Structure formats: structure tokens, C-alpha cells
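Two complexes, one shared chain (chain A), two partners (chain B, chain C).
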Partner chain A sequence: MTMSKNKNNKSISLSDIVSRNIKNRRFKDYFTNGITSIFSFLCVLILALVIGYVLIEGSPYLTANFISTNYAQSSVTLKTDSEFVLDENRDYSDLMRYEDTVYSDKWGIGIKTKKDNDQNDIYYISEISVNSPFNDEIIRADDKSIFQITPDFYINYITVKTSDGMYITVFGNDEGGAEAIVSTLEQGIAIQDSDFKTLGGGIRSSLITTVILILFTIIFSLPLGVGGAIYLAYYAKNTRLTRILRSLVDMSSGIPSIIFGLVGAAIFIPIMSSMTGAVGGNVITGSLTLTLILLPTIVKTVEESIKSINPSLIQGSLALGASNFQTIFKIIIPNSLDGILNAAILSIGRAIGESAALVFAMGTLITAAPSLTSSNTSLAVHIWYILSGEHPAYGQACAISIMILCVVLVLSIISKVIPILLNKRKTKGVKQNVKPIQK
Partner chain B sequence: MLNLFKNKKKENNTSLNNEMISNDKLPYSKEYTNEQVMFEVKDFNFYYDKKSKLALKDINLEIFKNKVTAFIGPSGCGKSTLLRCFDRMNELIQDSSYDGQILYKNKEIHSFNTIELRSKVGMVFQQPNPFPMSIYNNVAYGPKCQGLKDKKELDKIVLNSLKDVGLYDEVSDRLNISGSSLSGGQQQRLCIARCIAMSPDVILMDEPTSALDPIATQKIEELIKKLKEKYTIIIVTHNMQQAARISDYTAFFMLGELVEFNKTEEFFARPKNKKSEDYITGKFS
Partner chain C sequence: MENQLSRNKLDNKNKRKIVGDKILHAILFFLLLLASSIIIISVVFIIIKGVQPFIYNYGTDGEILKQDIIAFFTSSRWTYNGMGGVPFLVLTTLYVVLLSLIISVPTSIFAALFIAKIAPKGLSLVIRSAVDLLASIPSVIFGLFGMGIICPMVREIAEAFGTQTYGGSSILSAAIVIAIMSIPTITTLSISAINAVPQSQINGSLALGASKAQTNLKVILKGAKSGIFAGIILGIGRALGEATAIQMVIGNTSEGSGFYNIFMPGSTIASSMLSGIGEASGLGYDVRFSLGIVLMLIIIITNLILNAIKNYNKDKQKNGLIKRFLDHFRKVNDYVQK
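What follows is the complex of A and B.
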């Protein structure tokens, strides 16, 4: 009797407290709700601002030209032979006529307008008749060799010699445009001097280098990392040595990449140059350095994935008389594909985004021809380079950033899709709690 | 030093079941001379955790050819441990060690390499563990690992193995579906087929029916009875009725020691040891 009374008393007092506190607690709930939603909104806002800025600043610069041209300009000085005099009756009937092209009927060429990477008009020779002097009588000023001009070259200036021995020069960036160039050409009988340039400021070589860098990074880091992970997860006994090894692997994923860059530059570059004679950093030393950076992450990702394989599959394989080698290739690797693919994606993402380490280990010189033995830049280092000059090119940097962001987006989508695709297989697989036998 | 250690253990043993030890090392009378011996366990001790845990004490036992031998005993008495010693799967466990001998066809099992031994001594696990690959590839896994590439030969092996376990009629049209999409009982029979495909001498089974329903269990039991014509079978089971139904010999273990080994009928009808009797009558489990 007394017991039940006590109980009643208690519950009444509790409900009292509840009703007293309910307002207070509700208010606290609203408050925390409000604060957390404001914070998360801020986070999204910042992200949206960053991406918005990059998109708005960068998209006008993200043109086909920008991607397909090299950063460095090449220029060529051309002239006609000193004996050359333009005769009047050449047959230019093979010249194709287009509306947007201005033609010089005396020289048998057509000149077209396009925009360079800074949105300025530039002029280039788009049509050349077979009988035109531009076809086979224009020589380089330096070595007198015949030079076939291509649409890649735009006109910087042309100096013609007139029939009365005068020289007239027209510049590509003069007011008159293509018509002015043509009218100057029409007055000349020979070309005394001229300068043609290719468009610069593009990212072609950096883009190619980035692709090569990714390939080499994967070639170096994936087999090493997967091998290390298999060793740690499958072979290594749980001794003090392997525990130390494991914690070292864990620790090294926190080392700032610039330190790896330093080590890469100090070790790989001398080794490379003693082997190939290459001077300074290059794609190989860059990808070796990236491999250093990536190995801990790859080992960890793949090891986790191997450890999640049902141990009874591995035991089942061994119990059937399969060797360790066969078990690794038939059971372990196929069943840890998700981890391996994730590691590959991580490698690609890192190779695209890393700049600090590569500045030292691969170099900052943007070259026209990507090569394995000379300094080159990845897209991220390209950004670093064009921003570190006297006139930081924010537009172009943003354009590159758009490309990098797109790749990163695609990669993260792929990494989300892979487990779904592979899980179809895995969930079909055995999923019981078998007593794991520790190794 | 070692001798001392052994003597001490023998004393322990004697105190547990004195009447048997007095006549021979074997805790059973050697009246089965007409049987062919497949495995012979001699003075076998097994340790876990760097010798700190003795899991099997001074086991002496013979496993006879084309017979079903059941290992019974309370949980943790070392049945699985001994079973895993026969195909040396225990060596995967770090810090485990043993002394004594196990002879397979009169040769020390450690004189074989593990690949050779395990292709002759197959194992079926407590939980069905088909590989996440097609039924066909599951059964062909062992032969392929041994280097058999001939498609026709493989086909024949797969077909016969599936027929032997009675799975063929159930899956003949779906050999390409994943082995893990079968029912639990079918999966276990697939695992037995996978084992048979190696044409082993011995099949070790560790509680093969404990994860299955009664009907699937019955199928496996019938299968075991059929299989003993071709294979020597050692089965660990918690189910005494099962041991009585399917086995020819029964070994009863307690606390890492072999308490009694006898013909199954004898063992269940006239247990010689008080502890066996208590266990059979359900005084403890």
C-alpha cells in the first residue's frame, strides 16, 4: 500500500517537473536548432560563394583556344628572299572565298580574325593559294629555310617593300584590322620583315602533363600500396614491428605535403638526373613524390577493405588447397576491389589537386612540349605559376579551377557509385558473423 | 625438462580417467584391428597464445578409413581445435603451437606441405561459405587451383560433385548464378561439393548443420551416410542424436582431453566413463 502511494507521489512530482521545464527545454531546442541551421547555412554559403566566384570569373576564359594552346608563345621572323619581286600575273583561282575573310589578291592569301586568350582581336592567314609566295617563297630570317605558315600563327607585324623602294610596316594590333593589313600588303612587292606568333597563355602542355602525372602516379602507387596492404592484412603477424610499421603509416598521412615535396626534390631529382641526365624535376620525380604522399592513404584504404572480407572465404580457399598466391588473386583482390578503386580515385584526385609538393619535385617551368625528362607543370602548379607573377591572371586561374573542380566532382560521383555497383555482388555474397580467426 | 612436463600431464590424465590409462595410452581398447587407420594422433598437445593456453592435452586417437567419426563434448572442449589440426588450418592462428604427432597414412602431417595435405583433407565449415562467384566456379575452384585447365575434365568434375551432393537436379539450369544466392542448406551442400571436387581422402566437418533448419539438416545427414562409402569423415557436432544417427565412432572430449572413444553404439549404450554417461544423460552440457 505504502509502496504504491510512494510511486504515485513520485510520478506526480516528475510530471510537475516536466511541465515546469517543458517551456525551458523547448526554447533550448529551438535555440540549438536555430544556431546549427545558421551555421550549416553559412558553410553552404561559403562553398557557394567560392564555386560561384570561380565559375563567373573563369567561364569567359574557358575556351577551346585556352585548352588547346600552349602557355609559351613561339614566334617566327619571316621574309621573302632578297632577290624576290612579286610578279603581277599569278593565278589564285584555287583560293576558296569566304565572307568573313579579307583577301589580298596580289599575294593570294586570306586573312581572318579571331580572339586571343585575353579577348583581343588577332589576325591570321587562313587561306593560301598554291601559287602564292606564302606557299613556298617565304623564308625564315635566321636560317633562310622555307617556312610554311599555319593558322596557329597570328600576325604581329609585317614590313613590306614598295615598288619605289619604301618600307611600310603594319602591326597586328593597329586600328584598321584585317583590311589595313591587306591594304599594306597590296602596296608591297616583297616582304622585308615580318613577325608571326602563336597564341600563348593556354594550358595545353599543363593539361597533358597532368594526365601523364596521373598515369604514372597510379602506376607507381597502386601496386605498391595494394601490395603493402595485402602484406599488412594477410601476411604480417601482429608483432611489435608491424604495430610500429602501422602507426608510422598512420602518422605519415598527416605530414604536410610540402615536406614530401622537399624530400622528393632532394632524393628523386638527383637519382633521376644521375640515371637519365635530366636536369631538375620532371613528371617522373613528381609522380614518385605523389606516390610517397599517397602510399599511407592507399595502404590504409585497401587494408580496411581487405579486413572487411569475410575471413571464412579466405579460410575456405586455403582449406581447398589453394596457395597464398591463388587466394590473394582469386579471393582477396576481387573482394577488395572497392577499396582498390577508391584508392585509385584518391590518387587521381591528389595528383590533380596537389601543388605544394610538385612545385619542388616537378618544377614550375611551363614548357610547350610535355616531356618525361624536363620540368613541367600540372594544372594546379600552372595556377600557382600564373598567380605568382607580377600580374596575377585571376581569370585564367579560375578557368583552370573550373576544370579541376569538374574532375573532382566526377571523381566523387564515381567513388559514390562504385560501392553501389560492387555491393550488388557483395550483398549477394555471404554475410554471416563467422568467428573471425585472428592472425 | 620436457619429460618432466609430460609426466606431470600424464598424472593429470590418470586422475581424470584412471582405469583406461592403466591398460594402454589409448583411452579405448584396441579391438578394431581390422579397420584401416587414416589418421593417428599420438601424444598430441595444442597450445594457443604462446603456450599460455593448453587447448588439447595428450590426445591419442585413431581415425578409421571410410568411417564417420563424431567429436562430441561441451563447448570449448577443443573439438574444433583438434579438427583444424588435421588439415593444419590451426597454423593460421598466430602464436599457436603443438607437440606430439599426427600421422596421416602413417606419415607425419608436417612432412606434407599444406597445399598437398589440404587437397587430400577437405574441410566444411560451420557457416556455409560459398565464394562470391558462380556455382560452377565454386565447385571448380579447388581443381583449378591445382592447375587443372581442361574444360571437359572440369565440367565432368563439377557435374559429378554436384550430383553426389544431390544439388545437381536443383541447380542444373543455373550453374552461372552466384553460389551465395542459394538457400543455406543448398549453400552447405555446395561447400561439400566443392570439397568432393578435390576427391579428398578425408572430409572434416565442423558443426556443418548447426546453421541449418531440420529438413536441410536431414539432407546433409543422409548425404554424410552416403559419402562415407568413398570418404573418411570426421564431424564435430553438438547434437548427440545426430552423432548417434550418423557416426560409426564417437570421441567424447572434455576440457581439452579425450575422455572416451568407442564404437558409437557401444558409446551411447554402455559408456565406460562416468563423465561420458553424465554427458549423454544430459547431466551437464
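What follows is the complex of A and C.
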């Protein structure tokens, strides 16, 4: 009351206060709306930054070579026999003489340029004449066996012996390019030493492993999760036991994945190695570990979906004399397809993105040939591996990230579209079946 | 005779049905048991394997090599050779998560308010989808983003402050990355909490003459408080257990000294479980299980404390809300009477 007296004394009218108040409030409204919009655009900005960074850094590296080559580099050291001397008059007329290829008429080979996974020029032998010494007179330096060079190998360096007993070395990364290599070769009469390498740094094995991992994860986790969910939603009565089981399922979703990785490594790796003799983690232990992580989520997702089925469908099925078995397979599973598909999408997303658990359960060794019983890496672990070294390969990591992000994007679109389509059908069917009671 | 036969057939069929049902029932129950026993099996295995480094002797040639139990709880330096201690790891973990909350909590709450109540429908759908997409990005990509963008940024900031960083790998970088990763979780839960505030409360507030901003901040956010808090608890749980992204940006030091300085590198529990795993064997590998026990304990304790705070607030809020409403009413009455 003292406040109002003061106001009256200063003789400010009520309308003044109200109008000032309204102005003040409008300003406050704009201010708070502005702040909230700034923060929500921050979220969009972060997403744009992540995607933009990955796209800009990674897209030059995302080449067919990068996807199709293995990570590990293999190299071979080749030379000619110590008594070998190149005779001048060989017939190299079978060479195709392409324009983009530089040919050595003395050795009968064609050298071409291509880009490696770091966008540097590399030179490889694209063509070998039938009469070329590269066909049958070049031997491996280590075991003296004849080695047929393939376009997979690129030239690291070549040292030739000239006719006056000098040695000249040309490196693949020298300035002159293919011409320099050919001109060096032309001067030589024998190859003293040479090193050829295959392209490394690719992701072929990790890509294949990831696909296998996804398949196994779905095979292991979906039946287990759907089964548990059906029991919870269909059979389970509200007893103390089921309440405990349910809360246990709930609790395990709070455990971080790295703990599951440790558990997977402690349980599955010994079991697998006693069964197959494999040492360390592999794809199967990896997918079993992912199953541990995913099972609670799948049970929850599918249970929700089963609970949303119109109960009259289930009751009708049972009333018509169908057994529980028939009801489950003919009514419950087809009608909870949206939940099951959602669970499958969750599994795929997790298998593609999980890294910490797989580092323990599957290993960090990037192998050349993906196999079921040896340590492998998924794409996410591959990223982690190439970034944790001395020289992090950002470009390649971003290129892999582009692939992962594409899959994640597609999955999230599918997960939004398919349930809508399925639900439309579901509700339509129910609406047709239930006729309104007429008065 | 024919009738009898067909009835027998029917009986057989029914019997088979019943047996099939029973088998299916048993199988499904077993599957549920499997799903719910995961947590028990995990805890048991982590404890069994995590206690081993304290008991078994890993040394060869008569050397004694085991995790020193006193050092484990007191040493401020974390190493994998049996003399490491966890206190600094625990402190850094909590410190990083706390720092990340400073960024993520306001961002998430205001973003959720904007999406749920302020933005026009189309815009809110766009931002909502962006948040959902952010949630589905794997942590290793956030780690890559942290190494590529945030670490250089932090290095610049540190240089502006006149301090040196190890290429930007620091506690601050880890906190920013973790904040980015927990924003979608907190935002999504906050949105559903905000949507759950009864419309009658909002209408009541507006009818009583409160402006939209006042309603948003004082009625909606207050009403959604417990839901938002639940989101924050979930976000903290995720942040405590995050390994890959943190390990990539935090710098992984073994020293505990500079942990209060946000520009210094550090190590969290989860990140030190992960770092150097490629070459680890013997004690260096098994001691990670001991860290696993510590991590689980911290997550459980943090969750218990936070839930206790949440429930305490809930009890208080009930009185508070009514009281505040009455206060508000009284003030308005006064105003009108004038």
C-alpha cells in the first residue's frame, strides 16, 4: 500500500504506468525470444560446422582408389640378374601407344600417372610388352624369384646401371615425373635396384568388415531383443519378477559403451579363442558386444511398438481359437513391424558409429584381408586409428566420416518415413474394422 | 467312428498347439532373462577382472608386478605400470563434465524453449531435425571435428590469453566437444518436458496478465524443471562415460598437476582406458578393468546424488509453486483494487 501512495503523490496516471509497462514488456519479450533463437541457431550452426568441415576436408580424398585399396602397403624390391645386359633390338610393336602414357622404347614398358590417397602424383607401369625384360627377367631381390609387376604397384625408386658402369637413381616423387623415369631407364642397361609399392591408406578391408559387422549385429540382436520384448509386452504379468527384470533392462541403458567393450573383451574373446583358436578380437566378438549394448534398447523399442497394437486385434485372434504361437507370429510381429524396423535401424547406426567398445572387443589392427577370426576394424575404429598416430590423417578421416554421415542421414530419414507409412496402414485397417454404433 | 477319429485328430492338433505354446513361452522368457541379465553379468565380470591387477602377479622372472593398492587411491599420477593412481583422473573427469554443463545446459534449455514454444512451425521442425541429426552423429566424428576445428580454435584463444597449449589439446577442448555431444540429449528431453507443461497453467499465466516472455521463463521453464533436470542427468551420464571423442582432444597426460587450468591437457577415466590400448598387454591391459570399476562407481554415485537433488527439489517445488501462485494473485488483486 505504501508503494501506491508514493505513486499517487508523484501524480503519475495509471495509463502511463500501463503503457510504459507494455513497452517494457514488449522489449523483454523480444529480448528473450532473441536469446532463445540465438541458442537454437547455435545448434544448427554446430551441425553445419561439423558437416561442412567433414565435407570440405574429406571430399577430395573420397575417390574410388581410396575405397578399393587396402590400408596396409606392400612393397617389393626388384632387380635384374647380375649377368643381365639389355640387348638393343627387341620387338615392342605390341605396345598400344596411348597418348597419356609415356613409353620406354628400350625396356618396352608404358608408365602412367595417377593420384594416390593423399592427392600426390604417382607413377605406375601400365603396359608391358610381351618381349620386355619386365615380363620374365626381373627378379625379386630377396628370394630371386621372377616377379610379374602389376598396375597395383607404383614406382618408389629405380636405380639403373649405365653402359659405362655408373648408377643412376630416379625417385617416383622427383620433379620430372614419368618422363624423368623413362629417360633414366633409357640410359640404363640393367636394373641394379628398384622398389615398387602398392597404394596404402585405403579403407577396403574396414568397409567390408563394417558390412559384416552390421549383418552379424542384426542377426544376433534382433531375434533376442524382439523375443524379450514380446515376452514383456504379451506374456508378462505385473509380478515382482517381471518388474525386477524390466528395471534391470532399463538400468543397462545407462552403462557407457566402453564398459560393454571391456565386458565383451572379457567374455567373448576367451570363448571365441577356445572355439576357433583365434587370438584377440574379431568381427564376431565385436558384433556380440554390440548386441550387449543394443539389446536393452531393442527390447524397449519393440515393446513400445507391441503395446501400441490395438488390443482388439489380439483378443480377436485368441477368440477365434488361434494359439499364442499363432497370435504372436500372425498378429503381433506383423503389426509391430515399425518397432522392429526401428530397432534394426538403431542396430545399423550403432554398428557403424560405435568406436570405444569395438576398440576393445574387435581390435585396432587394420588388416589387408578381412576375415572372421582375426582382428579387424570397422570404419569408425579406422578413423580413430588413423587419427591417434603421430601424423593424424585428417583428410582421409573426413572422407570416411562423409560415408558414415551419409549412412546416418539415410537411416534417420528411413526411420522417420517408414513408421509413418506402416502406421497409416495400421490405423486404416483398424478404422475399417471398427464400425461406429448407430443409434 | 468317423466322428471319433476326427475328434482324436483335433485333440492331437490341440495338444501340439499347447506344447508349441509352452516351448515358445519358455524361449521368450529365456530371451528376456538374457536381456535383463546383461547388466548383472557386466558388473560381475568388470569386478572380477578389475580386482585381478591388485591380486595377481604379472611380473616374469621372479619380479613382482601388480597394481599398488595404496598408490591407486592416492597417487596423483596415472600410469599403466602398477604405480598409477586415480584421484586426478576422477577430478579431471568431473571437472570436464562440469565445464561442459556450463555450455550445454543454457544452450539446450533455450533451444528447447525456442523449438517448443516460440519458433513458427516450419522453423521449429528444421531446428528439431538438426538436433535429432546431431544426436545420431557418432562420437568419433565429434572427436575428429574437435581435433580439426576446436583444438586450433582453443589454441588461438589460449594465445590470446598469453598461454601455451599442446596444439590445442586441452581440458577446454574436451569440455566443448562433450558439451556439443550432450546438447541433443538435453534438448530433446527438455522439449518433451516443456510440452508436458499443462496448457491450463500457460493460459492461466497469460490471463493473469503475464507477458509471453514471463510465461515462458517463469511458468513453462519452472513447470518443466524436473523433466529438464532428468535430461541433464542423462547428459551427465553420457558425458562421464564418453571415451573416444575425449581421448582424441584432451591430450592424455599422466600428470595431475595442471588440471585446474583449462588450457592444460588432462586425462579422464574413460579416455585413459582407451589411450594406448593398441600396445597394451598384461597389467597395462587388465588395469583398465580396474578403471572400469571406478568409472561405474562414479556414474552410479553421480546419478544417485543428482536424483536425490531432483526429488528434493520436486518436494520443495510443490509448496513453492502454490505459494508463488498465491503471491502473484495477491499482487494482482492489490493492483486491481487501486
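To be clear about the criterion, the second predicted complex is superposed on the first by the 391 of 439 C-alpha atoms of A that agree within 3 Å, B and C clash if a C-alpha of one lies under 4 Å from a C-alpha of the other, contacts with A are read in each partner's own complex, and residues count from 1 in each chain.
What we mean here is this: a contact is a pair of C-beta atoms (placed from the backbone, for glycine too) under 8 Å apart; a residue touches a chain by one contact, two chains touch by 3 or more.
Given the structure is predicted, the values throughout are model-derived calculations rather than measurements.
Room for both chain B and chain C is found when the two structures are superposed via chain A, with no clash between them. Taking chain A as the reference chain, the count of touched residues is higher for C when chain B and chain C are set side by side.
When the shared chain is aligned, chain B comes close enough to touch A:313, but chain C does not. Once the two complexes are overlaid on the shared chain, A:20 sits clear of chain B and of chain C alike. The three-chain arrangement built by superposing both structures on chain A places chain B and chain C 70° apart around the Cα centre of chain A, to the nearest 10.
With both structures placed on the common chain, the touch criterion links A:140 to neither chain B nor chain C.
Legend: residue contacts after superposition of the two complexes on their common chain; A:57 is shown touching chain C, with no touch to chain B. In the superposed pair of complexes, A:243 makes contact with neither chain B nor chain C. Contacts of A:115 after superposition: neither chain B nor chain C is touched. In the superposition on chain A, contact of A:331 is made with chain B only, not with chain C. Looking at the shared chain after the overlay, A:323 reaches both chain B and chain C. Closest CA pair between chain B and chain C after superposition: 5 Å apart.
323, 326 are the residues of chain A that lie in the contact sets of both chain B and chain C, per the superposition on chain A. Contacts from chain A toward chain B in the complex involve residues 237-238, 310, 312-313, 315-323, 326, 330-331, 334-335, 425-426, 428-430, 432, 434, 437-439. Contacts from chain C toward chain A in the complex involve residues 17-18, 20-21, 24-25, 27-29, 31-42, 45-46, 49, 106-107, 110-111, 113-115, 118-119, 126-127, 130-134, 136-145, 147-149, 180, 183-184, 187, 211-214, 216-217, 237-238, 240-244, 247-248, 270, 273-275, 277-278, 288-289, 292, 295-296, 299, 303, 334, 338. Only residues 87, 89, 92-94, 114-116, 118-119, 122-123, 125-132, 141-142, 145-146, 178, 180-181, 187, 191, 194-195, 198, 211 of chain B touch chain A when the two sit together in their complex. Here chain A touches chain C in the complex through residues 1, 4, 14, 25-26, 28-29, 31-33, 35-44, 46-47, 49-50, 53-54, 57, 223-225, 227-228, 230-232, 235-236, 244-246, 248-249, 251-252, 254-260, 262-263, 266-267, 292, 295-296, 299, 323-326, 328, 349, 352-356, 359-360, 364-365, 380-381, 383-385, 387-388, 392, 394, 397-398, 401, 404-405, 408-409, 411-412, going by the rule given at the top.
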